[in-house]
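Below, chain A partners chain B and then partners chain C, in two separate complexes.
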Partner chain A sequence: MLLYLIKRLGLSAAVVCLVILVLFSLLYFIPGDPATIALGPRATPEAIARYAEKMHLDEPVWRQFVIYIGNVLQGDLGVDVFSNRSVTTIIMERIGFTLALVTTGMGWAMLLGIPLGCLAAVKPNSWLDRITGVLSVGTIAVPSFLVSIWALLIFAVHLRWLPAIGAGEPGEFGDQLSHLVLPAFAIGLSWVGYLARMVRASMLEVMGENYIRSARAFGLHPRKVVFGYALRVAILPTITLIGMGFGGLISATVFAEIIFSRPGIGKLIFDSVMARNFPIVQGAVLVATSLYIFVVLFSDILIAWLDPRVRESL
Partner chain B sequence: MSENRSEPETGIPAVDASGLPDHVSEAEVLESAARERREKLLMFVTNWQGLTGLILVLLFFASAIFAPWLAPYEPNTLDIPARLSPPSLEHLAGTDQLGRDTFSRILYGGQVALKIAAIGVSVALLVGLVLGMIAGFGPRWLDNLLLLAFDTVRSFPTIVLALAMVALAGPSMGMVLIIVIVTSIPQYARVARTATLTLKNTDFILAERSLGASTIRTLWHHIMPNVVGPLMILAAMDVPVVVTVEAGLSFLGLGVLPPTASWGTILNEGYLVIRDAPWMVIAGGIPLILTTLGFTFLGEALRDIFDPRMGKGR
Partner chain C sequence: MKHSGTTRRGFLASTAAIGAMGLMPALPTAGFAQAGSVLRLRLDGDNDILDPGYMSGGTEIEAQKQCLPFLAQYDRTEEGFDWAPTYFVTKLEQRDPTHIDFELAEGLVWSNGYGPVRASDVKFSYERMKGTDWSGYFDAMDHVEVTGERSGTIVLSEPFAPFIMITLCHGPGAVLCEQAVKDAGGEFTNEFPAVCGPYTYEAIPGQRVIFHANPDWAGPKPAFERIEANVISEVKAAELAFEAGELDCTEVGADTLARYTKNMPDNTEITVAGELQYMWMGMNTDHPKLQDIRVRKAIQRAVDVDSILQGAYSGTTSKSHGIICPGLIGNRDQSGYSYDPAEARALLEEAGVSGLELTLRTLNNQERMLAAQIIQANLGAIGITVKVLPVESGPYWEMGQESKGDTWKDLELWIMRFGTTPDPYEAAQWFVSDQVGKWNWERWTDPEFDRLYQEGIVETDPEKREAIYVRMQEIMEDTGAYLWINHEPEAFVHTTDIDVNAAPSGELNYRLFDKA
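The block that comes next holds the complex of A and B.
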C-alpha cells in the first residue's frame, strides 16, 4: 500500500508539473510578443510593461519557467494586471462558491443515483428498472449546459419559483441555498443517470457471486445483503467513474456559473478571458485542473485501500 | 481479440497462395464469414436502440448536407419587421431578434456541427491510433513518456483548457477544431495502446516477426486492422462530446463566431432574449439532444454486437 501510495503521488506530482509547464508555454505557442498576447490588443503600455516585469520576460525562457514554478509552489499565482491584486486572493474569494456548487450537485446525484441503481439491479425488468433505464439514457443525452438553460427558462423565467442569477446575499443561508438549487440540479442531473446505470451494471455482476448466495442462504435480510455486502464491491467501478468524470463536472460547473451568473471559478475564468486578463485565467485554470487531479488521486487511493487487487497493478 | 475481426488477411500468415489449412476450402471460409455477417446484421436490426440511433444519425447527416435545399429561408436574411415572432407555419421555430428564421439556422448549424465532428473525430482517431500503436509497440521509455503526456492532457477539464487556449488565440472555428482534437487524442491512444499491448505477444504476431516482417509492416498489416474496430466504436461515442464542446464554446461566444449559424450561437442569441422568446433556446437545444441520443445509441449497439466485453453499462 505504501509503495502504491508513493508511486501514485509521484505520478500526480509529475502531472501537476506538466500542467504548469503547459499553461506556462501556451503563451509561447502563439507568435508575437508574449505580454501583448497575454493582455490583448486593448491593454495599456503600462499594463504590458508591468506584466513583462512581473513575469521576468527579459530573462531567458527556461529561467522564466523556473521563477514561475517557484512562485506557484509558494502559492503565488501572479498579480492581476488591471487591479494589481494578488491572483491567489482573487481565486480564494471565489473558490467557496464553486466548491459548494460541485459538492451539492454531485451530492444529490449520488444520493438519488446510487440507490436507484441498486433497486433496479435487485429487481431487473421491473417497472422501476425500466423507468431507471429510460431516465438514465434521457438524462445522459442532454448536455449539462442545455439543462442549465432550460432549468433557467422553466423554473426561474416561466414559473418564477427560484432566483435566476447570482449567489444570494452573503450571510443569509436560506437565500444562498435557493440560489444554489438550480445550478446544482443542472450539473447533477446527468450524473443521476450515469451513476444509476453504472451501479446497476456492476451490482448485477456482483449479485451473481457465490458469497452473496451464501449470505442469502444464511437468511440475512435482503436489504442487508444488498447494501451491506454487494454494494461494497459494486461501488468500486463507480468511484473510478466519479473520479474520472470530475473533469466533466468541472466543465459543467463552468457553464452553470456563467449561465446563472454565480461568482465562482468558472465565471472568473470566463470573465477574465473576455477581459483578456491572462494572469487570472492562468491561475484559475491551474487551480481548477489541480482540483481535478486531486480528486482522481483521491479516488484512486480510496479504491486501492478498499480493493487490494488494484494495488498490484500500478 | 474477438472472433468477428479474424478476417483472412490478418489471421493467417501468407505462406502459400491460398493461405488456408488443407482441410478447409476457400468457399467454406467465405461462407462462414458471410454467415457471421448475416448474424451480426440480424442482431443489429432487432436491436431497437441501434436502429433508432442509425435513423437519428442519418437524419443528422442528411439535414446538414441538404440544408441549402431543406431550409425555407436563407440563414442570414434579415427580416426586421418579423423579429422575435413565435413559431408559426411560416416560421416553424420562430425568428430571432434580427428576424432570421430559427429553423433554417438550425439546419445550417448542423453543417458546422457535422464539419467539426467529421474533421475533429477523424484526425483525433488517426493521430491517437498512431501514437497508441507507437506507445504499445515501442520501447518502454517512449511508452511511459507518451502515457505521461496523455495523462497531462486528460487532467485538464475540457472546457477549462478550451478557455485557456481561446484566451490567448482568440475564438475561431479552427481553434474549436484544435481543442476538440487535442482533448480527444488521449482516449483513442489509450485504447489503441492497450489493444496493441495484448496483441504484441500473440502467436500470429510472433510468427510474423520470426518470418522477418518489418516493424512497420507488422503494425500496419497485422496490428492496425485489429485495433481499429474498438476505435470506431469509441469514435461513434465521441461525436456527441465533440458536438457538445462546439455548441458549448459557441454558446459562450468563444467558438464559431456570429453571424455563422451554429447550434451554440443560436442558444447564445436565445439566452439573451430568454424572457421574450423562449422558443429559440428550446429549438436550438433539440438537435443537440437528438444527435447525442443517435450517436450514443448507435455506438452502444455496435459495441454490444462487436465487442461485448468492452465496458459494461457505461
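The block that comes next holds the complex of A and C.
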C-alpha cells in the first residue's frame, strides 16, 4: 500500500510539474507583446515598462521560469496585474464557492443516480429499466450550459422561484443555499445519467456472481442482497468515476458560474482570460488542475482502502 | 472490545448523508427581490484600482464619482454635452484661457477623521496626476495655486479648451485627501483611504460592491440609501437578471436593444447615455494596392453602410459621417460621398484596376464579422475580391504599429472602433502626422490637419471650433482612406420608477439617480 501511495504521489507531482511548465509557456505562445496584451492597446510606455519589470519580462526566459517555479513552491502565485493583490488570496476567496457548487451538484446526482441504477439492475428490461435508460441517455446528452440557460429562463426569469445571479448574502445560509439550487441542478443533471448507467452495468455483473446466487438461495431479503452485498462491490468502479467526475466538474462549473454570475474558479479564469490577466489565469488553472489531480488520487486511495482485493494485489 | 474510527460502511453512510444535504429543499428566496431605497445595478467586473492615477477606468470611475469630490460634472443640453459645477464647489470659472478659479463648498468632510476638504487637496490630487498613468489628461496643466482654505486656481501652461470637459468631469478629475493618500503610502488599490461624498464603499471581490449612505455626508441626500452593484461580467447574464427582477438597471447589447425598442416590456424604459464610439473601415494609403486615391474612393462608394447598420446592428446605431460623435462640437450630419456602385465601378475603370484582391482584418466578434461580410459582398459586386481575416485582440491592436513588427506593411483594409471623451479634440489626436505608425494606420499626413488640430485645442469659441473640426473630417474623408460606419450607443434598460444618470461615455453616476 505504501509503495502504491508513493507511486501515485510521484505521478501526481510529475503531472503538476508538467502543468506548471505548460502554464508558464502559455505567455510566450500567445501572439503579441505580453505587457501590451495585458495592459491594453493604449497603455503608456511607462506603464508597459513597469509591468514588464514587475512580471520579470525583462529577464531571460530561463530565469523567469526559475523565479516562477520558486514562487509557486512557496505558495506565491504572483500578483494580479491590475489590482496588485495576491493571486493566492484572490483564488482562496473564490474556491469555496466552486467546491460548494461541485459538491452539491455531484451530491444530488449521486443520491438520485445510484438508486436509479440499482433499481434498473434489479429488474432488467422492465419498464422502469427502460425509462431509466432513456432518461439517463437524455441527461447525458444535454450539455450543462444548455441546462443552465433553460433552468435560468424557467425558474428564475419566468417563474421567479429562484434567484438568477450571484451566490447570496454572505453569512445567510438560506440565501446562499437558494442561490446554489439552479447551478447545482445544471451541473449535476448529466451525472445522474452517468451514475445510473454505471451502477446498472456494475450491478448486473455482480448480480450474476455465485455469492449473490448463494445469498438468494439462503432466502435473504432481496433488499439485503442488493444493498448489503451487490451494491458494496458494484459501487467500487463508480467511486473512481465519481472521483474523476468531481475533478471534471471543477472545470465544468465555468459555464454555470458565468451564466449565473456566481463567483468561483471557473468564472475567475474566464474573466481573467478576457482581461488578459495572465498571473490569475496561470494561478487559477494550476489550482484547478491540482485539485483535479488530488481528487483522482484520493479516489484511487479510497478504492484501495475499500476493496481488499485491490489492496492485496498491490 | 469497542472499535472506533472510520469504517468502510461508515464512510459510505456518511457520504450518503453529506450528499443528501445537497438535495435539501431551497429555502424561501424573498430576500433577493429587495425594493425601496436600494438600487441594484451591474458591474462588469471587480474594481481593481480605485486610485485615479492608476485605474483601468470604467466602473472604477463610477465608484470615484460616488465617493470622491469632483469640481465639474457632465451636463446634457438640447444641443449636446456641456459641463456644470458640482455641488462640491460654490464657484468654478474659467477666468481666462489659462486660469480656472474654484471655491470648494463649506462643510465637506473626509471620512476616517481626516477633517475638511481643502484647496490643498485639489492641488495635491491634480499635481500628483502628472506623474501617473493618466498624466496625459494633465499635460496642459502647469500647477494649482492655493489662494485660501477652500479656494484656488488651476493654472494651465497653455490654453486648452477641453480641460474642464475631459479632465475635471472625468475620472482623473477626482479630488483625493492628501493626508490619507500619504498615510496609505502614496497610492491605493481597492479601498479608498478616505471618502467625501454621499456614499461609502464596500467591495466583496467577485460578487458585488455595496455603496452605503455616508454618515459624514452633509451635502444633498441621494435618492437611494444603498446601491448594490453586482459583478456580472456578461451583458447577456445581466439582461436576464434584469428580466428576472434582480436588477433595476443594466447596460444592454445591440440585439436586446433592438428587441426592446420593438416590443418594450411593462415597467421598462431605455436610456441612451451617449454615442461616443466611432467605427470606420480604414485603408492603408501606403499599400501598393491602395496607393491610387481613385481605388480608395471607389471602395468608399461601393459599400452600403445602411445595410451594415441593419444587418449587423439591427438598426440600433447611428450612421457615422466622421470621427466626431453625435452631441459633440463638429459632428457632421452628412458625408461627402454616398453609396454609388456605378460611380465606384467607374472610378476603378478610370484607375485601370481589375481583379483586385484585398484582405479585410477585423476583431473576431459577432457584429464586426457581420459588418465585414456585408463589406465583402458589396466590394465583390464591383469586382473586388475581399478575404475577411478575423484577428484576436492581442495582435489586432498591434497590426498598424511600427514598433510591434511588420504587419503594418501588409495592412490593407481593417474595421476599427475607437471610444472618445465628450470633446472633439480627443478623437482628432490619433490622426495627426506624428501618429503615423502608431494609431494613424491609414498613414497619411496633411499640414493643414496638423495646424487645425493645434488651433482646435486652444480655440474657446464654439462656432470656430465647430468649423475647425468639420474641416478636419473633410480632410480625412478626402484622403479616401475612411469609410465611416457608425456610432454605437451606450444604452441602459431600467425600470420606469427610476431616472438614470449616465456620463456620455456610459459611466453611471448613482448619486444623481432619481426616483421617477
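In this section, the second predicted complex is superposed on the first by the 277 of 314 C-alpha atoms of A that agree within 3 Å, B and C clash if a C-alpha of one lies under 4 Å from a C-alpha of the other, contacts with A are read in each partner's own complex, and residues count from 1 in each chain.
Convention: a contact is a pair of C-beta atoms (placed from the backbone, for glycine too) under 8 Å apart; a residue touches a chain by one contact, two chains touch by 3 or more.
Everything quoted here is computed from the prediction, not taken from an experiment.
Visitor: So, A:Gly174: does it touch chain B (first), chain C (second), both, or neither?
Guide: Second partner only, chain C.
Visitor: Of the two partner chains, chain B (first) and chain C (second), which one does A:Leu153 touch, if any: first, second, both, or neither?
Guide: both
Visitor: Now for A:Val310: first (chain B), second (chain C), both, or neither, which partner does it touch?
Guide: Touch status of A:Val310: no partner.
Visitor: Just chain B (first), just chain C (second), both, or neither: which does A:Ile259 touch?
Guide: After superposition on chain A, A:Ile259 lies in contact with both partners, chain B and chain C.
Visitor: Which chain makes contact with more of the residues of chain A, chain B or else chain C?
Guide: Counted on chain A, the partner with more touching residues turns out to be C.
Visitor: Would you check which partner chain A:Val296 touches, where first means chain B only, second means chain C only, and both and neither mean what they say?
Guide: first
Visitor: Looking at A:Phe270, would you say it contacts chain B, chain C, both, or neither? Reply first, second, both or neither.
Guide: Both chain B and chain C are touched by A:Phe270.
Visitor: Given the touch rule stated above, what does A:Leu99 touch, chain B (first), chain C (second), both, or neither?
Guide: In the superposition, A:Leu99 contacts neither chain B nor chain C.
Visitor: According to the stated criteria, A:Leu162 is in contact with first (chain B), second (chain C), both, or neither; which is it?
Guide: The second partner, chain C, only.
Visitor: Both chain B and chain C contact which residues of chain A?
Guide: 30, 37, 152-153, 157, 258-259, 270, 276
Visitor: Under the stated contact criterion, what part of chain B meets chain A in this complex?
Guide: The touching residues are 148-149, 151-152, 154-161, 163-169, 240, 244, 247-248, 251-252, 254, 267, 270-271, 274-275, 278, 281-282, 285, 288-289, 292-293, 296, 312-314.
Visitor: Which stretch or stretches of chain A touch chain C in the complex?
Guide: My answer: residues 30-33, 36-37, 40-41, 43-44, 46-47, 80, 82-85, 90, 93-94, 97, 103-108, 110-112, 152-153, 156-157, 160-170, 172, 174-175, 177-181, 184, 188, 232, 235, 258-261, 263-264, 267-268, 270-271, 274-276, 305-306.
Visitor: Going by the contact rule at the top, pick out the chain C residues touching chain A in the complex.
Guide: So the residues of chain C touching chain A come out as 8, 11-12, 15-16, 18-24, 26-29, 31-33, 45-46, 48-49, 56, 133, 135-136, 189-190, 204-208, 230-234, 237-238, 240-241, 243-247, 392-395, 397-398, 404.
Visitor: Please name which positions on chain A make contact with chain B in the complex.
Guide: 11, 14-15, 18-19, 22-23, 26-27, 29-30, 37-38, 137, 140-143, 145-146, 149-150, 152-153, 157-158, 197-198, 200-202, 205, 241, 247-248, 250-251, 254-255, 258-259, 266, 269-270, 272-273, 276, 278, 281-282, 285, 288-289, 292-293, 296
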